[in-house]
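I'd like to ask you about the structure that follows.
We just call them A, B and C in the order they show up, numbering each chain from 1.
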Amino acid sequence: MDPGKITSSIQLPGPGDSTLLLQHLVRIQAEFNYIPDKAVADLSSSLGIPAAEIRGVIDFYSFLHLTPRGKYDILFSDSITDHMLGSRELITDLTEKLGVTVGEVRGDGRVSVDTTSCTGMCEQGPALLVNRLAINHLDQQRIEQIARLIEEDVDLADWPKEFFQIDDSIQRQDILLSSMASATGASPDTLTTLLSPEPDNVLDILQDAGLRGRGGAGFMTAIKWRSCRDTAAEQRYVVCNADEGEPGTFKDRVLLQRYAHQLIEGMTLCAHTINASKGYIYLRGEYLYLLEHLQAVLQERRDLGLLANNISGKAGFDFDIDIHLGAGAYICGEESALIESLEGKRGIPRKRPPFPVTHGYKNQPTVVNNVETFIAASQIILHGAEWFKGAGTEQSSGTKLLSISGDCERPGIYEYAFGTSIRQVLGDCGAHDTLAVQIAGAAGVTIPSEQFDRSIAFEDISTGGSFIIFNSDRNLLDMVQNFTHFFAHESCGFCTPCRVGSSLLKDLIDKLHAGHAGHYDINELNRITIIMRDTSFCGLGATAPNPVIQTLTNFPEIYERQVQHTDYEPAFDLDAALEEARQVTHCFGPEAHIKS
Amino acid sequence: MPEQQTFKLDSKTIPFRDGDTIMDAALRAGEYIPHLCHNPEFTPHGSCRVCVVSANGRHVSACTQQAMNDMEVDNRSDAIMDKRRNLLQMLFVEGNHVCPGCEKSGACQLQAVAYYTNMLSPHYTHFFPKRSVDASHADIAIDFNRCILCELCVRASRDVDRKNIFSISGRGIKARLVINSDTGKLGDSDLTATDKAVHVCPVGAILPKHRGYDKPIGERLYDRQPVSQVGDVAAHDEDDNHG
Amino acid sequence: MADKIKVATASLCGCFGCHMSILDIDEKLFDLVELVEFDRSPINDIKTIGKCDIGIIEGGVANSENVEVLREFREHCDILIALGACAVNGGIPAMRNQNTLQECLETAYIHGIGVDQPCIPNDPEIPLLLDKVHPIHEIVKVDHFLPGCPPSGATIWTFLTELIENKPISFPYEQIHYD
């Protein structure tokens, strides 16, 4: 692309709103396959942000690049569930067919192939993104077709439609999903009902219903909304966390795809309750395919008077929603990092306190809730606290959507009342010969079969919904390795223990996985996990060692069978470290090697 | 008069005011809590984690945790010192710290805090990252090998000098300090030797040129007394800051 | 103590400064030889190592011979000590880790000032260089570390007496420095 054309076609913002930086970058990346220097310079002058800082933002997000990616930029989802479905063989297959190296752009600029963290398609993997659009159900045949389309330079718009088909995969409904089964489109009546109770009343009902956040932490929603409302401010914000980056989770994707109206009803209810006039949906970049649909839903609601001004005929109730796209950074699911990212910056978590409910977006009180939480809130107001409490346990009322993937016959979305046992879930989804279940994602818990009578509940196994099944043919160390790589890749780099520790941990697990570790290394694993757990700045670093801690406790045999009988093994491959010298000196005899 | 609020730092009773962090109150009381990214002139950052303490049984960073009445803070136990030592060891293996060849040696806060925690080795496997030295500026050099990402220069340049010369790029272990100039070189930035940003680096990353090794060994800032008594390197007259 | 303690020492990729420092314990050297007996060491020029109580390593690991010697020490010594900055973290020699080996060798043997017969030595007798210089704990288990460039005679003395007397190892403030 010639630089002149770039400058003329980049529509730069007017002076001012620096919070739009990331959104501009996402758009420029999509248009040019990279962010040209000229664009950085222009954004710098129009937004008043130093160029180095803009490059710092670009360098933070995996989907933004300072040098061109291929015209077809392919990212394979690199989650353990993709691996289990054979993704790595398919990557080799595709790169061989196309003559490109993983991580690089082919010489002619046509294509680049790389891997990316879990894209949230675990029940229909292996999956990839081509120019950020998801293609699932990959197999050799599909890979062959993709290679051909790329070689023939077929415009993405002309690729077979079925490639981009994304299934809903709802396998089991309970009260929440079934209450919405008939109500799908925009419903003025529903919104009128939602907005009729007094805000105080709404808070009381949510409190009575005992609704807790569905994003993982389980904070009481009524308390969050109330403290936001009670904080004096010029402006309050409603933010929907649709970043869904936890490996193995995909229920927000399905909710956004099928129940966008109900989500926006929930956000509107929140705005009305806390007195906010502006909302954001922070949509992970991996779900780009949902953008058009969500925008259409927002527009439809504006057109019907259900969004924007004087909503539902209520004079003075103004509330509108913008969608902000993420750009490949798991940490942006953490609410304070999400807010930084919404403000256009690097997604570095903030010090807490103050919490977002008092000092959030633009330092104003902000409610951040998960997609499922907003939807549950609106359904509670429609159907009553008793309806909700009819399901679940004393401390965990209602239901939870589980995203089930891995070794089972029927992966997909399952809604269960809290208190349901793992054993029942496994039976329902057709899992056999199960070795372990990884619940709550990479930072979650690894449950061995002796504990399958435990249940999904805040008081027992708390989860945002990720539920990955491993049968007894699997080596759990593969999972541990995948997760430690994930965390090393996703650490934001702000604090010492996570920035350094996550990489140390990754290297040690690689060493172990390759069979080069000694018993000493097991102690090292313990040592690093403790430092990370106890001293990290945010939840990512504090929980990143969980896969190691969990498996060391519950599955020590996967470590024992990998360690050498010696205590201490070198930190690196000694003989490989001589290779460069062999090449330079052309000495290749036996004396040019070190025995291990 | 309202009753004086206090908390316990190990066995000592420390008075504090509303809004104080544990670090603020401890510093005022003359009590030392090891730290690197904290400098009382700037808003607390909380990134190096070296000031980790156990407050009522929870691990927190003293520079960001608000003091609370009757809080019990463990700042000295072996367990806490052990965590700090490990964090320092991580910082040492992350960069390239060749103290025998560093002008800052003897007056380096990373070194001094490491001495304070009895760190005898970096323990972990070294990353040996490839990093550069930027000597393009007439008066100031920056050696990225020694940067510990405390962001004090970033904060000083942004909040005091109002020049925004430094920022952070990348993420995870690839996070790094960058210079805001067209070429990315210090020489092409507006940095001047009198900028606050040049006088806050706790390690030997940002150094004035034309000098170095001007204090004999034995007379350098931390040669005879530990950092707990000497205090931060930035708090001393900059003429003293050099080995 | 009836038997003398057997000590072996070696300098790998170091400058012998740490060994000089051992000698630098001055008149205490006499006390030391009362307590210890040197096995393999540059101090007495014994070239092979027997079973030892203590092994002291100066210098980092830069080539295949360093690896071999270090492993031999680990095998023969009950307690292995990293003495000095280079053994502890690679030290000054590890500054070459910023460059590829090829660059280092070309700078030294091809483009270097005063090189009259440009040629990278490749006699099979010369141990091959590792692509990076490593501290010794990245190759073998190390029991104690004594930092310093070099550690002072006093530091070494404090350490050895504490070790031999089975006391916890600790140093006065001035005795620990990394330079």
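Note that in this section a residue touches a chain if its C-beta (ideal position, glycine included) is under 8 Å from a C-beta of that chain, and two chains touch if they have at least 3 such contacts.
Small disclaimer: the values here were computed from a predicted structure and weren't measured.
Asks: Chain pair with the most contact pairs?
Replies: Summing C-beta contacts for every pairing gives the maximum at A-B.
Asks: Looking at CA centres, what chain is most distant from chain A?
Replies: Chain centre farthest from chain A's centre: C.
Asks: Where the centres are mean C-alpha positions, what is the separation of chain B from chain C, in Å?
Replies: Between these chains, centre-to-centre, one finds 31 Å.
Asks: How many Å are there between the centre of chain A and the centre of chain C, using C-alpha atoms for each centre?
Replies: 49
Asks: Give the residues of chain C touching no fewer than two other chains, as numbers and ranges.
Replies: 132, 134, 138
Asks: By the touch rule stated above, which residues of chain B touch at least two different other chains?
Replies: Each of 125 in chain B touches at least two other chains.
Asks: Can you tell me which residues of chain A touch two or more of the remaining chains?
Replies: Each of 571-572 in chain A touches at least two other chains.
Asks: So in the complex, the part of chain C that touches chain B is made up of which residues?
Replies: These residues of chain C touch chain B: 82, 85, 88-92, 94-95, 97-98, 132, 134-135, 137-138, 142, 144-147, 149, 170, 173-174, 176-179.
Asks: Okay, in this complex, where on chain B does chain C touch?
Replies: Against chain C, chain B makes touches at 92, 96-102, 105-106, 111, 114-115, 118, 120-123, 125-126, 128, 130-131, 145, 217, 223-226, 243.
Asks: What residues of chain A sit close enough to touch chain B in their complex?
Replies: 50-53, 55-56, 59-60, 329, 346, 351, 353, 488-497, 499-504, 507, 527, 530-531, 534-537, 571-572
Asks: Using the touch definition up top, name the residues of chain B that touch chain A in the complex.
Replies: It is residues 44, 46-50, 52, 59, 61, 64, 66, 83, 86-87, 90-91, 93-94, 124-125, 127, 149, 164, 166-175, 178-182, 184 of chain B that touch chain A.
Asks: List the residues on chain C that touch chain A in their complex, please.
Replies: Its residues touching chain A are 64, 67-68, 100-102, 105, 120-122, 124, 128-132, 134, 138-141.
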